[in-house]
Amino acid sequence: MALISIALVIFLIPLTAFAMNVIAPKSRARTASYISIILLLISTILSSILLLKIGSESAVTRMDWFTVGSYTFEVGVLLDFQGVLLLVIVNMVSLLVHIYSVLYMAKDPGYTRYFGFLSLFTFAMAGIILSDNLLMVFVFWELVGLSSYLLIGHWYSKDSAAKASKKAFIVNRIGDTGFVVALCIIWYQFGTFNLDEIQVLMESSQLQNGSWVSGLSALPAVWLSFMGIGLFLAAVGKSAQFPLQVWLPDAMEGPTPVSALIHAATMVAAGVFLMSRVVVLLDLTTLAIIATVGSITAFMGAVAALAQYDIKKVLAYSTISQLGYMLIGIGTGAYEAALFHLFTHAFFKAALFLAVGSVIHSLHALKQKHNLNIDAQDMRIMGGLKSNLPVTFYTYLIAAFSLMGLPLFSGFLSKDALLVASLNWSAAVGQLAYGVSLLAFATVTLTAFYMGRQLLLVFFGDFRSGFSVSEIQEGGWHFKVALIILCTLSIGFFWSFNPFDYMSSWLLNTLPAKLNSTPQFDLEVRDATNHSFVGVGSIALVMAGVLLAWLKFKPGKILTFAESDQLSFLERVSINNWYLDKFYERTILSFIRWLTLVLAQVERKVIDRLVNSFGWIGVIFSFVVGWLDKVFIDGLINFSAFFSSQVGGMTKSFQYGKVQSFIIFALVSLALIIFLIL
Amino acid sequence: MTEVTFYFFGILTLASAIFILITKNVLHAALSLVVTLLSVAALYVFTNAEFLAVTQIMIYVGGIVVLIVFGVMLTNDVSGKTIISGSVNRLSGTIITLTVLVMLIYSGQELTPIATKVHNTASIENLGEHLMTTYLLPFEIAALLLLIALVAASIIAGHDLQSKIS
Amino acid sequence: MSTILFFLPLLLVFAVLAIYGERKISAFIQNRYGPMETGYYGLLQTVADLLKLLQKEDIVPRVASKALFLVAPFVIFVAVFAGFSVVPVLPTWQGASINTGVFFLLAIVSLDVIGIIIAGWASNNKYSLLGAVRSASQIISYEVPLTLSVVCVLVVTQSLDLQVISFQQGVLSNSYFADAENYLFGLSFANVNTTEIGGVLTWNILRAPVLIPVWIIFFITTLAESNRAPFDLPEAESELVSGFHTEYSGFRWAIIMLSEYGMMLLTSLLGVILFFGSWNTPFPNIGSIKLASWTTGEVGSMASVFWAVLWLLIKTIIMVFIQMWIRWTYPRVRLDQLMSLGWKYLTPAALVLLFFSALWRLMMV
Amino acid sequence: MIPAEHFYYIGAALFSIGLAIVLTKRNAIMILMGVELMLNASNINFLAYNKAGSLDGQFFALFVIVVAAAEASVALAIVLKVYKHFKTINLDKIADIKD
């Protein structure tokens, strides 16, 4: 009982913070934000306590929500290790982002709105994590989408921000249709949305003769795949996977702390988290699809990150790529490795984003000071910032090493686990499946290259904007606190006592080993076959990537940046994100536009004319009717009025108010009726 | 003995009712009504409805008849002359009444006779329990009706508020 | 039914003695002697008056409605006397044993309005008619709090049978109800069992002390019901000569007086039965001193008959004495005061007390 | 035991007498008395034909009495009002005055 009340307090604290920020007057904005920080600190501490208490147990508390017909829907709280851990991370990153934002957003006119929406987002995220049934998950899933939309469009007067928020919202909706379809299938097949009941029912269900038999009903086995793909589609939307990853780079229009919190650490991870929740429902086909899509996304994201000049876009594509990794883990049956990567990634990517935010903040200050016309996010004007932004530099360095997957850092452990899993899976499934591993390994090199490139471009060499580097100043303690805490948690020692061996990680050892109840799936993914090979190999690949970056962008080398029309083909593919936007523009959007034009024509030419002619007919008809009305019907009514007044005049004589006469008439009539019936 | 008592009260009921019909003095009619109602209460006792008999005495005789007598007194000049109520519709009234009586008696013969009438004695507990369970809704509605009647009667018969205001 | 043999002579004797008592009490309250000449200490004064009344001419006013005028006193008397038919006298001797006893009594009591109205109307006299109308409106108004206060008792006793109510209030409750339990003040949680102690502790006013204010309401309303001062507006001498019986004389007037005193006796009896332990002894059993058992006697024995009648009559006469005492102490109320007291104070108070009685009943079980 | 039919005949006769009073009397209060008689007649039948083992008839009669009380009070109030207004409660005269 104590656990559930703690969980509810954690759940409600962000909502309180949201309400408080919304109603806070402008003059008390800063106080309100500090109070939300304190509230989030409390909820971070409480969720850490919860994490220590829950251990590897899990607890469910639920009550009836509403009843439709004979179906009762329930609300409940599911507390288990992975959820509570994510809760800690969400709260902690949210707390640090709050602290960071106090400085970052200090001069923003939408200060209270911003903090309110941050809290709303935290609340929605806690809802997804704590919900014990898919319907509630769906509700909070949409709430997360909403708060993401609101935060991306924080500067809604900026056209690009408004467009980006719309794009994110619409693309997410495409994924959510899959969620709804999956929910329908689940309800039909299991009659419940409760996760633990679904797991039990799924374990007892079987695939026989091409049909999927559960306790409640039987469906053709293909519906199982449909359901899995539907759920996966939801994750594709939210976690920005191929082919719906196009919204995430645009979402960088939001404030940088938002990018750190939502589009790097938590919200995009919700898709992966959902996959880990429903992993029992995924069959072999779905898993293969997930692994393939994950690897493709990982590769595409890495390639897209290679040639970007926008400092945040690099990280955005990197996020897409890393999320692809996580889904490889899901697809290859290593859901715990995926979760592991989710957790480590949350810290180092948040650290990276916040470090980059610090850089942008400093350059922005410079820009305003000298009233310059430069883009504060363009890496081409940066360089040599390491001496003036020391804290930012070192935290960035640690986080970047972690992202690259260098030993001693958290990224190495989780990426190692994923690579081992993918290689094992490929070996188990067969030839074509090696493509997944191949893409995953290739991505390692690419990751090292683009991170090395960004590191060298931003922090090393000379400052390329024509001003003295010494004018750049680092932000206040808010930035430093957030950065230091986040990068400290990116060090491998926190995640495993042996920073070279993911097998000794406390996290992997606490998570239940095997959740897959899919029939025919008995791959043991956590064995350490190929481990040493993969570890050494990936280090080598990272080194190769870093070396390439060093050769190309080493300090002191004169860098020339080609104009966009002089870029090589590969660079153009990368900088335009594989021309996906253009592709969609040309195919889907142009088709839809064509369709709208056609429909508009149909509307104008056919339907409008039809309506108009109906109108004409109506007018003519009404004239005729009006004439008839005047002559015949009015005449009839007048006549009947005349007639009844005559009759009334006749009958008035014996209706002069004697009650008893009425009774006599009534009785006589009654008697007559009775006699007639008899 | 029971039969004799029953027929005595039956005849008393009808006789006093007929007296109401034929008398011209309204007050005599009201007092005859008392006799009718009391003997009807006695008839109730023969159906084992003891509680209802007492209720009949209390509400009809102690309440309604007193009200009626009040009505008689308040709607006549108390000037000594007896209050006479004439009759109208004598012929048509008689015909219709006789028709209804014949119809009633005729349809009474169509009734299936109830073979044995073994009443469980309706104890007060039994009645009260049913009133609070099975018949709760009519009970509440009756309570509401009484309240409405109380308010309505006092408003209709009470002081003319408008003339008081003006 | 056989209690008529007890009550008819009792009523006659009581009327004679009560009229004498009333005169004496009024005299003492007004610091004078009262009747002193006829018989020792004026004892035979009322008997002499009665003899005089019986010899008087039975006058019927010429413009009166003769039949009604003649029959009205008997209607009043029959209505009052019928009320005695359900009153228990002894543990083994009860009037009509109907299980709606109290209800029947209240219904019957309300009947005497009819007689009063007939009397007032038939006299064809303004004073009589005004008295009758006043009497009727008064009785109808006060019937509401009267019934409610009786219902308070019924909530506590859970029975409408007067004999059952009588048995509950004494040491004999165990002999009538197998598992009857009486607790001090009805507080079962305090667990002071008074079933074997009996006496005054098991009377209804102490079985459930909430009935003490209920009894006050009951007493006021019975005063009004029997047209006693300070509610004697129907026969207010200073205004209406003698109210509805102005025109009566001789024997019929005597019958009306008899009915009035009968009504006093009946309401006092009812009050005693409902609140003050009926025919039960006031003495409790204290340890081995079995005062209650001694003053009750074995059921069926002559001692039992003696004690029961004794206690019942003593208590009733005390109540009648209080009624007379109040009559000669308090001034008459005005009609509007009478109505506002009945409708605005006693009725709501009785309703509130009904609620509290129900609560108390919950504590008793 | 008295057969239920006898109750029925008494009730029928009482009902007819009540009806006759309602139909023929001039005085509004007399008509009210007739209505009461008719209600009583129906009550007799409710009680006489009460099904064995059930209390439906008794309760029906009880509610009829309650409704009759309400009806009588309101009706008398109306009669008083009518009297105040027309100075008579003779229905024929009222009908005549109205015209």
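Letters are used for the chains, namely A, B, C and D, taken in the order the chains are written, and counting of residues starts over at 1 for each.
The rule is simple: contacts are C-beta pairs under 8 Å (C-beta built on N, C-alpha and C of every residue); 3 or more make two chains touch, one makes a residue touch a chain.
Here the structure is a predicted model, which is why all the values come from computation and not from measurement.
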Contact-richer chain pair [A-B vs B-D]: B-D
Separation of mean Cα positions, chain B and chain A [Å, integer]: 78
I'd like to verify one number: the distance from the centre of chain C to the centre of chain D, where each centre is the average of its C-alpha atoms, in whole angstrom. 34
At what distance in angstrom does the C-alpha mean of chain D lie from that of chain B? 6
Roughly how far is chain B from chain C, centre to centre by C-alpha average, rounded to an integer in Å? 29
Give the residues of chain C that touch two or more other chains, as numbers and ranges in rising order. none
Taking each residue of chain D in turn, which ones touch at least two of the other chains? 19, 23-24, 92
Which positions in chain B touch two or more other chains at once? 51, 55, 63, 70, 88-89, 92-93, 96, 100
Mapping chain-to-chain touches, which pattern fits: line, ring, star, complete or other? other
Complex interface listing, chain B residues touching chain D: 2-3, 6, 10, 13-14, 17-18, 20-21, 26, 29-30, 33, 36-37, 40, 43-44, 46-47, 49, 51-52, 55-56, 59-60, 63-64, 67-68, 70-72, 74-75, 83, 85-90, 92-94, 96-98, 100-101, 104-105, 108, 111, 113-114, 116-120, 122, 126-127, 130-131, 135, 138, 142, 145-146, 148-150, 152-154, 156-157
Spell out the residues on chain B that touch chain A in their complex, using ranges where they run on. 88-89, 92-93, 96, 99-100, 103
Flag every residue of chain C that touches chain B in the complex, lowest number first. 63, 65, 68, 98-100, 103-104, 106-108, 110-111, 113-114, 117-118, 121, 124, 126, 129, 133, 136, 140, 143, 160
Partner chain C, residues of chain B touching it in the complex: 27-28, 31, 34, 50-51, 54-55, 57-58, 61-63, 65-66, 69-70, 73, 78, 80, 82, 123-124
State the interface residues of chain D toward chain B in the complex, per the touch definition above. 1-10, 12-21, 23-27, 29-30, 32-34, 36-37, 40, 43-44, 47-50, 52-53, 55, 58-59, 61-63, 65-74, 76-81, 83, 89-90, 92
